[in-house]
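Below: a set of structures, written as structure tokens.
One chain, chain A, links the two complexes that follow: it is found with chain B in the first and with chain C in the second.
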Partner chain A sequence: MKIDHSLPLEYSTDENRLKILGFWIFLGAEVMLFATLFASYFILSGGTGDGPSGAEIFEITPVLIETLVLLTSSFTIGLMVHAMRLGRQKAMMGFFIATIVLGAIFLGVEIYEFVHYVHVGAGLQTSAFSAILLTTLGTHGAHVTFGLFWGICILIQVKKYGLTPRTTNKSFIFSLYWHFLDVVWIFIFSFVYLKGMM
Partner chain B sequence: MEFFERFAIPHPSPAIYASMVAIAVVSIAIVVGLTYFKKWGYLWREWLTTVDHKRLGIMYIIAAILMLFRGGADAIMMRAQLSAPENKLLDAQHYNEIFTTHGVVMILFMAMPFIIGFMNFVVPLQIGARDVAFPRLNALSFWLFFAGAMLFNISFVVGGSPDAGWTSYFPLADNEFSTSVGTNYYMIAIQIAGLGTLATGINFLTTILKMRAPGMTLMKMPMFTWSALITNVIIVFAFPVLTVALAMGTLDRLFGTHFFASTNGGMDMLWANLFWVWGHPEVYILILPAFGIYSEVISTFARRNLYGYKSMVASMVIISLLSFVVWVHHFFTMGQGAFVNSIFSITTMAIAVPTGVKIFNWLLTLYKGKIVMTTPMLYSMLFIPLFTLGGVTGVMLGMSAADYQYHNTMFLVAHFHMVIIPGVVFAMLAALYYYWPKMFGFMLNDRLGKIGAWIIAIGTLVAFMPMFISGLDGQARRMYTYSEASGFGIWNMISMVGALMLAAGFALIVYNIYYSFRHAPRDIGSDPWDARTLEWATHTPIPEYNFATMPKIDTYETFWDSKKKGTTLFPDKIEKIHMPNNSGIPFIMGIIFFLWGFSFVFAMWIPLIICTLGIFACMAYQSFENDHGRYISIEEIEETEKELGGKR
Partner chain C sequence: MMKELFPMKQVMGFIFSLVLTAVALMVYFFDMSFAIGMTILLVTAFIQAGLQLVLFMHAGESEDKNAIYITIYYGVLIAIFTILGSLLTMVWTYQFQ
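Let's turn to the complex of A and B:
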């Protein structure tokens, strides 16, 4: 393995560079996935049938908490990469753990939100609107859930092996993923909640 | 017993029971054969766990040929049923199932793996790479495709085949009208295979963008690699749409949502739109690599460099962009109104322009060339007129006002077969003949190959030209029979003759493989066609590391130049080579995905959860595994090179 010391560790080998580019392309595919969900959401958002519309069921408080928590987690994952580049493993792991904790809080609030929707009569089977709402949110939520487990796996490896080209590469790619989920959430916040509440 | 009742076929027939017996017999024969010849270890070490792009490519191609015969059997049954008016060979339900599986199998499990197989085999060699960017992911792609294909293929003996057409339009595909688990198979099997294809797209984009030999700029890439690059861009941007559509369809069928229902706010046209937003680019995923193959074959056997390299690239880029903005032409009659139809009519017809550019480029490559008429070249020469027939009728269909006459008639069926068979299938057969010596070290017999090519070409015309006529006369597609008074009988009988000719042509190819395996000479060297691109610069058989040292590229056809001018292609000294290790994980994940899909089809939730956990366990294992690959030492490389006739 040839290591190029002029680059940050996560970019330092050929394999690492390939993985980062590959992951960017994967994110391109993810953009299409969420774009399709958003397009379907816009088309079906009026299809409430006998069920409630968005304005009737959206609650601003949990949504604001979710937004705040997820945006903060994106900030902490940024700090994680910064600490990683400075070679400070403890600080890096600290920010990593903070990110995962914030992600878990987000997920908890989202689960509360889902329970609320079902409670007020907007379940998966109620109408096309409720189904696409829960599917869009659920796809994002499933990504966050996957991210939590993935993040923990990486964290264990950082703890075990330290900051190597391999572990830093994984952590960096995880940060890309996490930022991406944040971007998707901003779209959900704007075009699902704000638009729906207006 | 109640548990097992769900696996029964809702609509049995003697043919299906016979197939069950045949499947059981063949499976037992394979197991017994492998045990008797003690080949299990060989199979596991050399094939099931391999991450080598060449072996994966060959496995893709073998799977594609198997699926070609499955889809071909469907085709023969359909043509036999239609060959006479009011025929009673198949009933309406069987006919529905057969045209559905024929479409899905031929597009997704025959054409796609054929193309991806050649991409796997050829692209890393053409760009001078040792493997793809992510070899293990590549193996996973194959096993996901294979799991999806096998899941789809068992549908007709376990639980019933899908019967809503390969487009599976809602509300027909909803539980109300498609009561068997067939459409569940459709949703889930294609989902699994689609995940594999998406991974292939990411893998090959990274490979082509990052792993080209020193000096090979984008505009010095061989045309097949260009076509693969653009195809993979389309894959990455089109397949997620299918993922979402299939997931929504699955939710509708198994979880009682109303995405595509006509009640509770659902919209059935959303499925049609999402399906074709993926489906039309999919057409170009199939045809662009085929164009790439033709470009290689025509330039090799015209003994000329490809005419209009830049316009070839530009036309492919334009086609890939246009492919995303034409999807509505698949349902002009389904209520968009004149304005929307007009826009999509114009974008559709616009595709003929870049395609025409490519046709003229091939013709001008031939002009003043020293044409060598080998089998691959013959397929390419037959492709140009036949494909043009299919393409021109496509422009006819693209005129939205006129489409009201053609829509859902045999005219449409004739059109897309006339583009797919000469376009894609001829290209794959040309590629099979062209790359066979590189894959297996002997050539397929040229005389038998040419006879086969002519039989297939004439068979294509005989089978599909009559459909243009009966379609214009109003014969609807997907109808299992027609009256004698309609007068369609004669045209369908002619089609039947064509279908049998096609079957004979494909059988001849199989015989040719057998014949050449027995009789063909093995001392053909590494460049039997006197070809122009890098894949012919390495030895045959290709060593696992492809190239002992990296080739240095300075023109579009460096290998050709090095042969003509005697320049050195491989100036470097041998160094140790890093290679990835084999892994059983992709194969195991393929099996788990198969079981996952099977559980999902029958809504067996506990096995489904267990399989899901199994998949995540494999991913976690993969994450924690400390596999850094291995090195091949200089001595080892030198010995291999000496055995193969000296270092290049």
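Let's turn to the complex of A and C:
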């Protein structure tokens, strides 16, 4: 394995560099996946039938908490990459743990939100609007849930093997995934919630 | 020791993303027309996304820079075509009748 020491560890081998490129291509496909969900949401959001509309069920407080928590977690995962490049393993793991904790808080609030929606009569089968709302939010939430487990697995490897070309590469790719989820949330926050409550 | 863990660039980026969120929140707290509200949301959301991409995701730092940007542009282009095309045919149709 040829290691280029002029680059950060996560880029230090050709394989690592290509894995990062490959992940970007995957994220490009993810952009399109979420685009189809947003397109469906914009088409179906008026179809509330006998169920409630967005303006009737959205609550600003949980949405704001989710947004601030996810923005902060995106910041901490960015600091994680920075600490990793300084070779500060302890700090890097600290930021990594902070990100996962914030992700778990986000998920907790989102679960509360889903329970609330079902409680006020907007379940998956109530109307076209409630179906696409829960599908869009749920797809993002499922990504966060997967990210939590994935992140914990990488964290264990960092603890076990230290900062190697392999573990730093995995951590960096995880940071890309996490930032991407934050970007998707920004669009959900703007065009599902704020537009719905405008 | 602590300071080197919090680079200015990232802290500023974080503060800027909070400011953008606050600006977007104006559409909730103030009465405004749909057009103005949507304009604010579109502008803040796309700046936020760009901020994450360039500042936090280090999109432009490796030798694969071009391939990475082409992938993103392609994904975003398909996303915009999908969303605008769907709106055009299924939501805004009445304008063309």
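By our rule, the second predicted complex is superposed on the first by the 198 of 198 C-alpha atoms of A that agree within 3 Å, B and C clash if a C-alpha of one lies under 4 Å from a C-alpha of the other, contacts with A are read in each partner's own complex, and residues count from 1 in each chain.
Convention: a residue touches a chain if its C-beta (ideal position, glycine included) is under 8 Å from a C-beta of that chain, and two chains touch if they have at least 3 such contacts.
Since this is a predicted model, take the numbers as computed values, not measurements.
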| So, A:74: does it touch chain B (first), chain C (second), both, or neither? | second
| So, does A:189 touch the first partner chain B, the second partner chain C, both, or neither? | second
| query | So, A:112: does it touch chain B (first), chain C (second), both, or neither? | reply | neither
| task | Classify the contacts of A:17 with the two partner chains as first (chain B alone), second (chain C alone), both, or neither. | result | both
| task | Name the contact category of A:25: first (chain B only), second (chain C only), both, or neither. | result | both
| message | Let me test your reading of the model: by the given contact rule, A:86 touches which partner, first (chain B), second (chain C), both or neither? | response | second
| So, does A:36 touch the first partner chain B, the second partner chain C, both, or neither? | both
| note | Larger residue footprint on chain A, choosing between chain B and chain C, goes to C
| said: Quick check on the output: what are the common chain A residues between the chain B footprint and the chain C footprint? | reply: 17, 21, 25, 28-30, 32, 36, 40, 43
| request: Please give the residue numbers of chain C that touch chain A in the complex, ascending. | output: 4-7, 10, 13-14, 17-18, 21, 24-25, 27-28, 32, 34, 37-38, 41-42, 44-45, 48-49, 52-53, 55-59, 62-64, 67-68, 71-72, 74-76, 78-80, 82-83, 85-87, 90-91
| Contacting residues of chain A [partner chain C, same complex] | 7, 11, 17, 20-21, 24-25, 27-32, 34-36, 38-40, 42-43, 60, 64, 67-68, 71-72, 74-75, 77-79, 81-83, 86, 88, 91, 175-176, 179-180, 182-183, 186-187, 189-191, 194-195, 197-198
| Quick one: in the complex, what on chain A touches chain B? | 1, 17-19, 21-22, 25-26, 28-30, 32-33, 36-37, 40, 43-44, 46-51, 124-129, 131-132, 135, 149-150, 153-154, 156-157, 170
| remark: Per the touch rule, the chain B residues reaching chain A in their complex are 133-134, 198, 201-203, 205-206, 209-211, 236-241, 243-245, 247-248, 251, 255-259, 261, 263-267, 270, 274, 277, 578, 616, 620, 623-624, 628
